[in-house]
């Protein structure tokens, strides 16, 4: 049976990864009709929502799992996968369990998580530090300390691209690293505005101010241009998710030798477990509904998971697979994962609305040196207070 | 620019040397020409600079691009990005580049352009020459409509199309393009038609022509330049449209811009600037050709000789 | 008489400007009506109303006894030559001519025949393939006439159709139009400023002033018995001489007296209704004054200016404080200052009330 | 004859029937889509709709939040600056180019295509190219510095104070070609005789343009104005592609606010509130103008 | 005489159409030259060349002895009334009139004065605030004249400026133009189709045909001694009667004989150069035929048609196989079929060579 699957994985590596899904699905005698649309949020989402509300749903669709799909579930547009999940025993195999929680609404499972992406990485250019004559830092504090030397050498210490999500992401990473997992959860999970306005967070904002100072002169927009600054040694480091690795690999750089990756900024080795999930709209066609079930289980099959995640550069959602082929940094991530040092991603914890407000705040903060950390914290607390 | 008028040489010399005689010769380097072409060339430079960067980049390999000198010509010219953009860039699973959506784009653009221009020009004509009570109220709404961001209207339109049962069809998409083209195009045509001498319209009515005949045989032939402009607007808009093309159709008829978007807009993947540039240039080629070819329709003095007074 | 075009109480205003006011006009079937009037008096506006190109603000229009006030121009059975030509710029001359016929779905051979005929009449054969922008003013005007001529309609509206043609062509076309009218017997409404045209073509002439018809009569009546001073002064070139004075009695018969000079009114039609003392204006056309002729009553005058005009010679005479224009044969020359004797042909003169300016 | 005379107009509905039939698409679009859609939008701007429109009314909450958001305020200010400058420059530049093109020049077709091509290229990528060109590291600034003028500074996209002008440079680059085309089409409609009369009157070329030709082109200018203005109000991809609203929120614009909140933040209510504000502003300007323009019975 | 405008070997063609060919014309300072010619003969084209609006393909143009062939119109010191008016459509009448002056930086009071004067002459006072589209045809034409009149230039070019005006206004304006010319003494080149205008206004008349000047002379000469048959037939309305025949000798004196009827050529100027047997054409104007008059030599004829034209009466007479038009006073009426006696005024007749059509 033909099943149309929409997703926003279109770059080289991503496409190759999706191809693994398709291959596996086609092998079950069905057919994967690809509906790739690049550009997550603003581009792909209205399309998916329109298709759903327009009465012409696709067979399956990628969505950031988490709060974003809740409403679609409530509107009865998405299909309950509990049957498949119980049959395949997802509760057991999916690690960390929080991933499945994000798919659960009122005790029913509505999505199939397929990978884990983590944000908490500091990528450092070994060459840049060499030029500046300082050793490659082992953690955030060393990094901040090394900043003046880098600057003197004409190197931007920290590259932060101009897009809003990069600044907000970097802040979250700083927060986990400096204030710790508990504060993180208090603020984002419990929406505790007092904590958000409290002294722990003040420290984070101070660090963010450092980061802001260190990022002056980045002058690029795209994250990968920022990464490229690290690759070419024009910048000392960048806070970016694990996907940045692809850029280093493509430039022929070797982890450990040319660049260094510090999960959790080398301070608090905790990684978030954001990621992608597939949702399945309610279809009238019996056949297709059957095919949806097949697809759901295919996505989580161990072989598919390995093949997919290796190509995608992300971590698999099940702990029981063997990732011997993973590289250095990825292995570090797997380790942390195995230790259970995980937090949920802000995607899962906050509504997109609050996320956006947060992004607006931090992009402004990072770009505007006249904005004091105190002001920013005040506004941050307000956002947390009104978050739902 | 050697269009100096060739005088019958003997006559010219026979007649008192440098004395002005006959038509004024056009000297290529007159002050006026220097000013004129100078300004045009300077302006052209500003317009061409980004194009230059795009072409140069599209001919470089990625390593060279990472070096970061955007103005330097490619050390080693490679057409691979072009080939890749056209034929092998991947859109999800389908690695056949822009070529995949090309015909879909044509299939979408041709009817959408034609129908939207047709509907709007007839409308503009009705508003300019066959006014009826209340027409202006609708028109005002339409003009205000020109200022509504498209995206805001997506959900209402999805609902309307769903109710009409044409959501997801090509017909639906053509209707959407017609709807969003309507405010600007109607205004364009209405204002143009109302600037044509009213006497012609009167004369045609006396000649017994009705609404449609006047439109087809009098107004239309006199409005070539504005039809060109409308075509430029619509072909460009529809050819480059991405949002409606995906929101209102299904993957099998996705236009080329979906591929372009996918090549260019990957969020987390690796960016291949050279392929991006090549893809953009390739996608822009069709409107560009239309611009160039339609140029001769920009005729001068279209209503010359029509009326006295 | 059956009316072909009949206009009842027609009014039209452009915003605050009232152009036509309660205009009434009945035009017989097959009649050739010439509209004359000063520039801007509303002639074109009237034609446009008849054609249905302007919506009247009040009143009704009937064509062939059918109320067409609200009908489309194309349903009225009219052809029109526009003052501004209104040629289709993108069509060749030939296409301009054939357009209306094609629209009417006339068979091609018939179209060709008609075009050939119009082309011949209008002498535009070599121009058929040109566009209007490549024609001279007069050529454009001829094409505009042609476009109306090829059509076979009940009512033709001609708005100054010959104004930009040379005299020769004009007189040829005048004859052609007359002939056409005689053979087709359709109704013609013809605006012109050329009095020769008006007088030779018209069955009746309507003289308009500021949107009001002053007189509607046959050419002879208009010329010789103008209803009021406006009509009298408007028709004829050079225009009628007006002498202000009053009626006096002389030997029991009324005479016209001005600045102490008396003119017998013997030949005048309405002489018996004239009571002495009434203020009147005497109107005499320049050609009805004879110079050094053998009139019954002669007066002394001196030549002021002489204006030769080819066939004629126009003299400006000074007489009793008035300046009179007088037309004499082109061969009779008078040096300024010459003393001459003049006499009026009272049978062709007009008397107007000085107040109402109406003819007595 | 007088028997059948009736002074009143005949049935209104049937007069001008073809015209009314031909206008049906327009009327439907205007009423169903634009008016209907707008009302729908306005209604839902009073709800707390998130991802899907839901009739959950919350009064003016969305508007209060909107006017509290610094980003919205900045967006409006930016739009004002960008709009005013774009309007002026694209009309001036577009007209000058059109006037130059109208001088019976050679290679007219080539020049026109050059000026127009930016319009044909998707801005996703051309925006990136402008980003590069305006980038101080490897764009114009670095080239000029390499030529020896080392203090030369040109980094409009990375300086919050002038970033909107950086956006303007690219915006003009993209939009003036179309303006030129529109105005050129208008210029081509001017009767040669008018030019002749002006030449005989001894009116210099620029004055002829300014006082005779441009006023004659009023309808085309109105069209152009509406096209430019609607482009300004809707400006979005230009900013996204070049600055994503940055640095910080320095180059945010209202349309981007609308989209971001509708689709990224999934707060439809907020997006609708913002778009309602935009629409109200536009309507306040357009409706009186339309009244003046169409109110008189005169043709344009 | 100093030449104000002088044209040497001017040629102009539109693509394949040669409109002007090697045209030469010298116009004196302060002269009033009227251009007459059939429709489409190149009059407007010639004016356009003089104004610098069309580039000649060959030849030179001098204004005030300065070679201006390549100069801009504005440097030539000309004012022009366009046949197509070419008013600035978006400006009010007042602005149309004043714009050129304002551009020339004339002080406001002076502008106002000039406009007031033009307004008065042209009777367009109430229209000053209107736009051209709100004017009638004749009103537009008057504005077009006004726009030229307000300018103070050396050379005025008028292209059929009065064609759309009523006779009354036209004769008034004719007088005004004449007066203007007399007071300013600038050079005027004036195209018209109205022969009265031509004859009364012109110092000299140039008659054109197909881009070639046929005759350039004072009105009297043009009228009475036309150089060739074209000129003779072109001037005068109704036009000259042409009788084909040949010279014969009678009593040693040449006579003109046609269809067996002889006409003595006694009064004719060049009678001595006429050798018998030469094929010639005799041209006699309608007003130079007298009916039932006391000519030396009378011939029998019958009235065919009678056409009353107000002041005059046009008779078409049948005589010896020819049809002759004859003008008599409007009061002399003849029923068709009446037998009349006619005689020619040979002193005012013209003889043309039948081959060359040149005057003998």
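Here the chain labels run A, B, C, D and E in written order, and each chain numbers its own residues starting at 1.
Note that in this section a contact is a pair of C-beta atoms (placed from the backbone, for glycine too) under 8 Å apart; a residue touches a chain by one contact, two chains touch by 3 or more.
If you want to know which protein each chain is, UniProt gives these names: B, C, E = ABC transporter permease; D = Sugar ABC transporter permease.
Treat the numbers as computed from the prediction; the structure is a model and nothing was measured.
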Chains touching both chain B and chain E, listed by label: C, D
Most extensive contact between chains (C-beta pair count): B-D
Far-end chain from chain C, centres as C-alpha averages: A
Centre distance in Å when chain A and chain E are each reduced to the mean of their C-alpha atoms: 93
Cα-centroid distance, chain B relative to chain C, in whole angstrom: 55
Length of the line joining the C-alpha centres of chain A and chain B, rounded to whole Å: 40
Where chain E touches two or more other chains at once, by residue number: 83-84, 87, 137
Touching two or more other chains - residue numbers and ranges from chain A: 46, 53
Touching two or more other chains - residue numbers and ranges from chain B: 68, 151, 155, 210, 242, 261, 264-265, 301-304, 308-309
Touching residues (chain side chain C, partner chain B) in the complex: 48, 51-53, 72-74, 78-80, 82-91, 99-100, 103-104, 131-135, 137, 140, 147, 151
Complex interface listing, chain D residues touching chain B: 12, 15-16, 18-20, 22-23, 25-27, 29-38, 40-41, 53, 96-97, 100, 103, 105-106, 108-109, 111-122, 124-126, 128-130, 132-133, 137-139, 143, 173, 177-178, 181-182, 184-185, 188-193, 219-220, 222-223, 226-227, 229-230, 233-234, 236, 255, 258-259, 262-263, 268, 271-272, 275, 278-279, 282-283, 286-287, 290, 294, 299-300
Partner chain B, residues of chain A touching it in the complex: 4, 6-16, 18-19, 22, 32-40, 43, 46-47, 50-51, 53-56, 117, 222, 224, 228, 231-232, 241, 243, 246-247, 250-251
Of chain B, residues touching chain A in the complex: 62, 66, 68, 90-95, 151, 154-155, 158-159, 161-162, 167-168, 242-243, 246-248, 250-252, 254, 258, 261-272
Complex interface listing, chain B residues touching chain C: 197, 199-200, 202-210, 213, 217-218, 221-222, 301-309
